[in-house]
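The structures come next, written out as structure tokens.
Across the two complexes that follow, subunit A remains constant while its partner is subunit B and subsequently subunit C.
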Partner chain A sequence: MVKSHALRLWLAQRITGALMAIYALMVGSVLYVQHPTEYGTWKALFSTGWMRAATLVFVLSLVWHAWLGMHDILIDYVKPALAHRILKNLVVLSLAVYAVWSMRILWSI
Partner chain B sequence: MRLSIYRFNPETDAEPYMQDYDVALEPGDKMLLDVLLRIKDLDDTLSMRKSCREGVCGSDAMNINGKNGLACITKLTDLKEPVVVRPLPGLPVVRDLVVDMTQFFKQYHSVKPYLVNDEPPPATERLQSPEDREKLDGLYECVLCGACTTSCPSFWWNPDKFVGPAGLLQAYRFIADSRDQATDERLDNLEDPYRLYKCHNIMNCVDVCPKGLSPSKAIGKIKELKLKRLTK
Partner chain C sequence: MNQARNLNRKDKQRPKNLDLRTVRLPVPALVSILHRASGAVLFLLLPVLLLGLQCSLNSAEHFAHIKEVAAQPFVKLLLLGVVWAFSHHFFAGLRHIAMDFQWGMELTTARLTAKLVLALGLLVTLLIGTALW
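Showing the complex of A and B:
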């Protein structure tokens, strides 16, 4: 529904923010309890299915959240159309690269 | 008391400048407006707006030591010297401390700040329950001084598109009114990426409001209502 587009964007920013907060709390508690001090323990932790799934959700939330924020900043501060478009594409490109890169790291361990 | 006041007369000055004044206080001088009026007695070229001198008309909003407020209810004892007085930021200066508030009122009018009710008017008045009336507390007290809107960075960047905290507080004042029948239209009226959603909860508005109101809270309520409507 086009009518509530702005509301949906605002909602998406809130939901992705909440997901990141939940992930941070979750990983924080796991690290506090397990106290991984060597590579083996870290690897074991991030090799589990649920941790990979949660990290995937986190990375996607982060990328989406960052896109919404950057989009707002560009609207406010970069008025010339060409510069706006170039920077917007650069942001999309770098966020996509970061997402793919994170996935590769996550699935290579 | 030492003050440094923004001066600009577009007819004679190429650029704005700050002018220093030293004023001997009288026992009756309590508020900043008292001192500004004393300066005006000495230098009648200084321009400013003022009227009720008790925080009700909202005319003498200005930037005082970096923070927007009403000169008439800003206590001298709370001010660090030299007191730096500038016009409200983000609006064109007409002269000295007088700004052109056209854009501010354009946004205010865009939210239809009046009751919309198509039912035939009753013989007396449209009654409200005490509970419904209570919902307007913290909203109706706004004096439209513009201190909040002109302290809002979102308004500085998009004054033509973002309604601003004062306008949005008024929008919610009518949405929350049990006698108003145009809630849906009012919510639709705030649906583009700018009018409402350019508020990023910076909360300068809450910090400066001389009446102690919270436009941020009202904006949050509007977003909440829009969300409820979406999930209905």
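Showing the complex of A and C:
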């Protein structure tokens, strides 16, 4: 396993980014080929097992990736300790809400 | 210790040029700051995008409503911005990973790939924009 903490963060950012890139290419081609511009076809696309699984991987990658990125931004631009802590917690909280929200969307179809 | 202090003093004596009209941002720096800015924009727009996805999957009426909303000029512009932010972030990220593997580290190559990232981001936005509208 990767030992260094910083190296692990770096690796996580790259891997989640690569996973999202693969998802974007995959879903992009499906949209290009299938043209799901009606409710029925749109819903059917998100009802398939593979799409749900892939979207779940995408959402989890996104949440992790966004956390690492926003963390870097806050370190660079928000110096006062209290403001830094509040914003950091706000980012974590919103990302957690987005993750639960996405799963509810995916599994209520 | 002493050396560091000397360096510090030297730094303070160095002339500073903060005249933005004469400072030119190198293209790789532009791509880098736009990578960060596009990431932040995407993060801030996440709730809007999730709300859109939820509505579109809710029912046929909601789907039709979302289509109507997305057809408004201001929303179209916003969506185009999201498409640009995503594609720029995508290509800049790939360039980043390539550089992690020591590929494209020479200055001329780095400048060329930076221009390529800018161009590809805009090209994809243009293509998707014309395809959708």
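The rule we apply is simple: the second predicted complex is superposed on the first by the 106 of 109 C-alpha atoms of A that agree within 3 Å, B and C clash if a C-alpha of one lies under 4 Å from a C-alpha of the other, contacts with A are read in each partner's own complex, and residues count from 1 in each chain.
Basically, contacts are C-beta pairs under 8 Å (C-beta built on N, C-alpha and C of every residue); 3 or more make two chains touch, one makes a residue touch a chain.
Remember, it's a predicted structure, so these values are computed and weren't measured experimentally.
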In the three-chain superposition, say which chain, subunit B or subunit C, touches more residues of subunit A.
C
First, second, both or neither for A:Tyr98, with subunit B first and subunit C second
second
Pick one for A:Ile86: touches subunit B only (first), subunit C only (second), both, or neither.
neither
Quick check on the superposed pair: does A:Leu7 touch subunit B, subunit C, both, or neither? Answer first, second, both or neither.
first
Which partner chains sit in contact with A:Met70 here, subunit B, subunit C, both or neither? Use first/second/both/neither.
second
Just checking: does A:Phe46 make contact with subunit B only, subunit C only, both, or neither of them? Give me first, second, both or neither.
second
Looking at the overlay, what does A:Ile109 touch: subunit B (first), subunit C (second), both, or neither?
second
Which subunit A residues come up in both lists, the one for subunit B and the one for subunit C?
72
Contact residues on subunit A for subunit B in the complex?
3-11, 72, 75-77
Quick one: in the complex, what on subunit A touches subunit C?
14, 17-18, 21, 24, 39-40, 42-43, 46, 62, 66, 69-70, 72-73, 91, 94, 98, 101-102, 105, 109
In the complex of these two chains, what residues of subunit B are touching subunit A?
154, 157-158, 188, 191-193, 196-198, 200, 223, 226-227, 230
Can you tell me which positions in subunit C touch subunit A when the two form their complex?
36, 39-40, 42-43, 46-47, 50, 53-54, 56-57, 59-60, 63-64, 86, 90, 93-94, 96-97, 100
